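Two complexes are shown next, each including subunit A; its partner changes from subunit B in the first to subunit C in the second.
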Partner chain A sequence: MIRPVLLIALPLFFAFLSPIIGIWSKKGVRYLIIFATALNATLAGILLLEALQKPVFDIIGGFQPPLGIVLMVGPLGAIIAFIINLVAFAISIYNLKVEKEPIVRYSMLYLLLVMGSTGMVLTGDLFNLFVFLEVTSIASYGLAAYNKDKKGYLGAMKYVIIGSIGSTFVLLGIALIYSQLRTLNMLDIAARIGTMDPYVKIMAFTSLFLGFGVEAEMFPLNTWVPDAYDGAPHPISAAFASLPAKAGVFALARVIFTMFSFTNFLWFVVVMGLLTVFFGEIVAYTQKDLKRMLAYSSIGQMGMIIMGLGIGTTLAVEGAFYQMIAHALGKALLFIAAGFLIYAARSGKIEDMKGMARNPLIGIPLLIGALSIMGMPPFAGFYGKFFILMGGFSQGYYAIIALFLAASIVEVAYYARFIKIVFERGNESKVIRPDAATYVPLIILAIIIVVIGVYPKPILTVLQHVGTFIAGGA
Partner chain B sequence: MIQYYYLGSIALIAIGMYIVIAKRNLIKIILGLDIMDTGVNLLFISIGYVKNATAPIENVPGPYVDPIPQALVLTAIVIGVSVMALALSIAIGIYKKTGTLELDEILGVKK
Partner chain C sequence: MDALTLFGIFVLLPLVGALVSYFGKKYAPIIAVIFTGISGIFLYLWYGNFGSYTIDIGVKLNLTFDITTWFFMLMMNTVIFSSLLFSVSSKLKRAGGFATLMLLGFAGANGVLLARDFLSLYLFWELMSWSIYLLVLRTSGEYARRYLLFGVLSAYLLIMGIGIIYYYTGSFLYADALSGAIPHAIWPWILTFLILGFGIKMAIVPFHVWAPYAYSSEQPFVAFLSGGLSKLGAFGIFMSMYSIAGISLLQSFGTFRGVSLMGYPFALLGAATAFIGTILAIFQDDIRKLLAYSSIGQLGYVMIGLGLGTPLAIGGAMFHAFNHAFFKSLLFLGAGAVIYRTGKYKISEMGGLGYRMPFTFMFVLFAIFALAGIPLTSGFISKWMLYEAAISRKFVIVAPLMLIASVGAYLYSYRILYGVFLGQLKDEDKNVKEAPGPMLAAMFILMVPLVIFSIVPGWILGWINKILVENGIGKLNYTTFSYSSAIGGANMAVFWIAFILLLIFAMLMFMAKKARVVDQYDNYLAGEAPPSVALHAAHNYYKPLRDTWAPLLKHSIDRAYEKFSKFFAGGFYEIKRIYTGNPQDYAAYLGIAFLAFLLVGWWLLW
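This part shows the complex of A and B:
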């Protein structure tokens, strides 16, 4: 029996321990992050096993809910927290490659990012969710500008402006809900949402939806994504796609299902999701720069998740959660591989990377990651897309399914082009050997993708609880 | 009476939003974000306002104002200040790299 609050308290402790360790040994700090994230991933795994029995509620500071803050961990929250921490662990191995100083501040911000994203997933209190959103955002702003070049600063500035507007909207939504219901506990809000004035209810929902949409990379609010991903250091691009984005979309699911208890088709959410898919995939097709292409592809994938949430049947939401897991693993893998390719080619352009992935240690995981993101059957990405499609199909939304498939074809096209270039026979002499810090996280992530693709039963067992989640449970 | 507070806060949010969208100078945009934030904070405080009430302190006779919005706004102010500090420091970084804070010049937009 472990308390979920440890998942938040321990990264915070290690984050502020790192400057003290940094006085003695700069190298020690890097290993401290690996240790901290590994510990967190283990604890999240244990928490997942507990949450499968029954939802875990952790009352903070001895104040009983609905007055006090409570952490609410159902099976779905626990598995997203587990995946977030697992990917954070894989990325922290790749962090050993980051050479720029000051490494201590970098490590602190990275651990705060992990802590904020985990907190957003675990919390059961609306205002607490806002605080964790801000912790995540502030850490992300700092990390996006970490390279201290023009590209990094401009990307970070864009992120700050759009992110602050988003969090202002979240606060506005919280104020509207509080003005009517005088409570901030999510389950308490859910129980009394029917007594709200319908106009205020719609306004509050729209504000929260737009606010969390910034982190979830939803269509009109995602112009920061390519610039921030492109300007950030390579491990941080991987972390952005996997940690805050997943936490943001989980918060969105909390708003839709737990608090507002929408159970039927939400056309507004589906349309936003579809627009996001189209915007992301079509712009990604036109990109020549590898990291920008991956960033736009990430937008497209997040759009598919939002669509799955909007369709709102058990199967579609199950697909959305499967897609979250597959995307967190696959996109982190691709960004780490992209970091290596850019380092090897000394350029961010895809056309300069001819034959750069011909080393099997990089090439095979890269291929697995790309195929999984495309949604090929034996890999993790297949089930997510398949369930979203089936969910939509069973309800008869044929037009939406057709558009979804059209966007997926564009996605396959640009990934196929990218794979062809990096595996092409070319300048073999320039291919350099990767070191362990690069290929170990790639292999870890690739193995997980293959395992949950070939043997999806454990994940499906957890996702069975989607029914209770949609009905407003933890 | 309380409606005036709501009007004021909505006006502040709208002014801040307008500045962020329309102005092309980074410092002005950051100020716009701050004004927006202030508007939401004012809205939050006015939700908890009760006329002729006092702070909820023991031994002081009621009625009391709602203390939760005040606690939340204190948190929101602290968060707002840290975002502002970070935004300004990034603006300093941009100024050092490009020598200007006008977005049109930084991004090379032709007028």
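This part shows the complex of A and C:
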């Protein structure tokens, strides 16, 4: 029996421990984050097993809810927290490749990012959610500018502007809810949401939806994504796609299902998801720069998840959660591989990377990641996509699904173009062998993708609890 | 036999084999051959041991092992076995990856054949699809990309069909589709989506443009792709029309001379495919492209049979699919053997290789007989069944197109025979040796059924008849040596007796006369030749015909697709402009989004 609060407290502890360790050894700090994230992932795994029995409620400081802050961990929150920490662990191995100083501050911010994202998933209190959102955002702003070059600064600046407007929206939503209901506990809000003035209710929903939509990369709030991803160091791009984005979309799911139980407004969420997919995939097709392409592709994938949430049937939401897991794993893998390719080609342009992935240690995980993102079986991405599509059909969204599939073909087109170039023959002499810090996380992620794709039963067993989640449970 | 044994032998075993053979280095093809051999043995042992099973991997996979599945698996297994056997000696680069991907494709194909619910169908369909993609990627990224785009289009068309069924029935099972939940008027949509989706894998016009590129990859793989995997399209169309929908539902959409109006347009499409594929094949100089277009054309015949839907037509289609599996993979392997020995792809650069590679020549000759429908091989019977099916119902468009395509098949077959194997041997090919043993063995395995089923078509017609009866289509009239139809039929016993008598007579004639073998040059140039003269007229073959057809050939579906994609790519660059890079614009988007949300929300409330 472990307390969920440990998942938040421990990274915080290690984050503040790292400057002290950094006095003795800079290298020790790098291994410290690996240890911290591994520990966190293990704890999250144990927590998941506990949450499967019944939802875990952790009351902070002895104040009883609804007044006190509470962590509310259902099976779904636990699995997302687990995946976030698992990916964070894989990325922290790749962090060994980050050469720029100051590594201590980098490590601190990275652990804060992990902690904030985990907290967003675990919390059961609306204001607490906002606090964790801010922690995540501020850590992200710092990390986005970490390269200290023009691209990094510009990206971070855009991220700060859009992100802070988003946070303001969240705060506005919270204020509206608090002014009407005098409570901030999510379950309490859900119980009393009917008493809210409907116009204010819509406004509160809109504010929260847009605020978290910024982190969840929803159209048209995702404008920061390409610049921030492109300017950030490679492990951080991987982390952006997997940690804050997943936490943001989980918060979105909390807003949609746990707090507000709209039924007539959900089609609008589906349309927003479709627009996100559409613009993400189409703009990704036009990109010549690898990391920007992956960033736009990430937008497309997040749009698919938002669509799944908006469709709102058990099957579709199950698919959306499966897709969150698959995308966290797959996109982290692709960004790590992209980091290697950029390093090997000494350029971010896709056309300069001819034949760079011909080493099987890079090539095979890269293919697995790309195929998983395209939704091919037996990889993780398959079930999520299929369930979302079938959920959409069962609600009669024919036209939307058809448009979505058209956008997916565009996605396949640009991934195939990328694969074509990186596997092209004729550049054998320049192919570099990756070192362990690069291929170990790639292989870890690839193996997880294949395992949960070939045998989805464990994941699907957890996701069976989606029914309670939609009904407003933990 | 229980669920896990069936699933294990036909799906998991190839998957395990895929994993093992990756690390097999140059022995990988041998390991893969052993793995396919094992599932092949079980396939033969389990004939008649049919049943339905469910596997739970988190989602339920409903598998059925029945005669239809068995019949298609038989093709698949034999073709991949001989393709891998061929690849044992063809010294592929990175043979481990090759064997792995072949086995993955095989596992996917077996899964598609066993699947009786849409989820597992789609799962295995995509598995097969991307393993082909990676196999094509080994040769060329651009070809692979073209393939993948069409592969994904096929999958998404299937998804549309599956989704519509799911909307009405809420179930993925094939069997539930006919429960009556789906309105009658929706069925044409479902069938069109499914048939086009499966048709893409069969390279039906106008979705055939991926095929010539994908078929230019490594020959052992292409033999499996064209011979084996393309039959999954035929299987899928058969299942969706006659098992999921059923013949009585098809007939209820009205009939035209006894053929369902749902099926007839697809028969026309098949006829167009047969015609276009054949015409384009005639003018190819690259042997791989020629065989590719020929493959497109031949699968058009299968499509015709499936579209017409009479017992004779479907029987012919099944039989032709079976024959095509063997003769087309044999042809690709034969081409592969020639390419392996000479390193050349162009027919006009080869010639006279029949003297150096006599066994390959003989095998290819039999395959060409089967392709052209000459009655030494079973190709004759299947084509004749299809002709009769079209003629007996007086289809004045389908039947003539089939006949023209058949004449075209003679033309391009002859181009292969003459251009590659007959005529003058090139100087640089003087030292070419016969293909290595495993290659010959692989080709021999593929040739045997073509001859056997020509003598005793009753065996294979027995299986096909079972398929037809089980799906309630009707039954065939056949005996061991012959079949009969309303307007004739064919009796192979009579033919073979006549053939053997004539053969003996010809042999006697041949032996009675003393022949003297002279050098090629003596014949043509009265002994006065300079050391090297090009007597081999394989260059610009069929030029007069080409000139005649020129107005038609200048339209190209390839180019239409290119224009289409250019048009869209241009549009994408326009859309990209909304990401201006200016944070002020971005902040404005946020504000606009907030207002739009709010207004929509309030409007909905109001």
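Observations on the structure shown:
Note that in this section the second predicted complex is superposed on the first by the 471 of 474 C-alpha atoms of A that agree within 3 Å, B and C clash if a C-alpha of one lies under 4 Å from a C-alpha of the other, contacts with A are read in each partner's own complex, and residues count from 1 in each chain.
In this text, a contact is a pair of C-beta atoms (placed from the backbone, for glycine too) under 8 Å apart; a residue touches a chain by one contact, two chains touch by 3 or more.
The shown structure was predicted, so the numbers you read here are calculated from the model rather than taken from an experiment.
Shared-chain residue A:380: touches no atom of subunit B or subunit C. In the superposed model, A:138 makes contact with subunit B only, not with subunit C.
When both complexes are overlaid on chain A, the residue A:187 reaches neither subunit B nor subunit C. Of the two partner chains placed by superposition, only subunit C is touched by A:419; subunit B is not. Once chain A of one complex is fitted onto chain A of the other, the partner contacts of A:72 are absent, as it touches neither subunit B nor subunit C. Within the superposed three-chain arrangement, the count of touched residues of subunit A is higher for C, of the candidates subunit B and subunit C.
Of the two partner chains, subunit B and subunit C are each touched by A:161. Judged by the touch definition given at the top, the superposed model places A:153 against subunit B, while subunit C stays out of reach. Residues 157, 161, 165 of subunit A lie in contact with subunit B in one complex and with subunit C in the other. Here subunit A touches subunit B in the complex through residues 127, 130-131, 134, 137-138, 141-142, 145, 148-150, 153-154, 156-157, 160-161, 164-165, 167-168, 171-172, 174-175, 178-179, 182, 184, going by the rule given at the top. Note for the complex: subunit C touches subunit A at residues 56-59, 119, 122-124, 126-127, 129-130, 133-134, 137, 141-142, 144-145, 148-149, 152-153, 156, 159-160, 162-164, 166-167, 170, 569, 572-573, 575-576, 578-579, 581, 583, 585-587, 589-590, 592-594, 597-598, 600-602, 604-605. By the touch rule above, subunit A contacts subunit C in their complex via residues 157-158, 161-162, 165-166, 169, 198-199, 202-203, 205-207, 209-210, 214, 220-221, 223-224, 226-227, 264-265, 268, 279, 282-283, 285-286, 367, 371, 374-378, 382-383, 386, 389-390, 392-394, 396, 398, 401-402, 405, 408-410, 412-413, 416-417, 419-421, 423-424, 454-461. Against subunit A, in their complex, subunit B makes its touches with residues 13, 17, 20, 26, 29-30, 33, 36-37, 40, 43-44, 47, 66, 68-69, 72, 75-76, 79, 82-83, 86-87, 90-91, 93-94, 97-98, 106.
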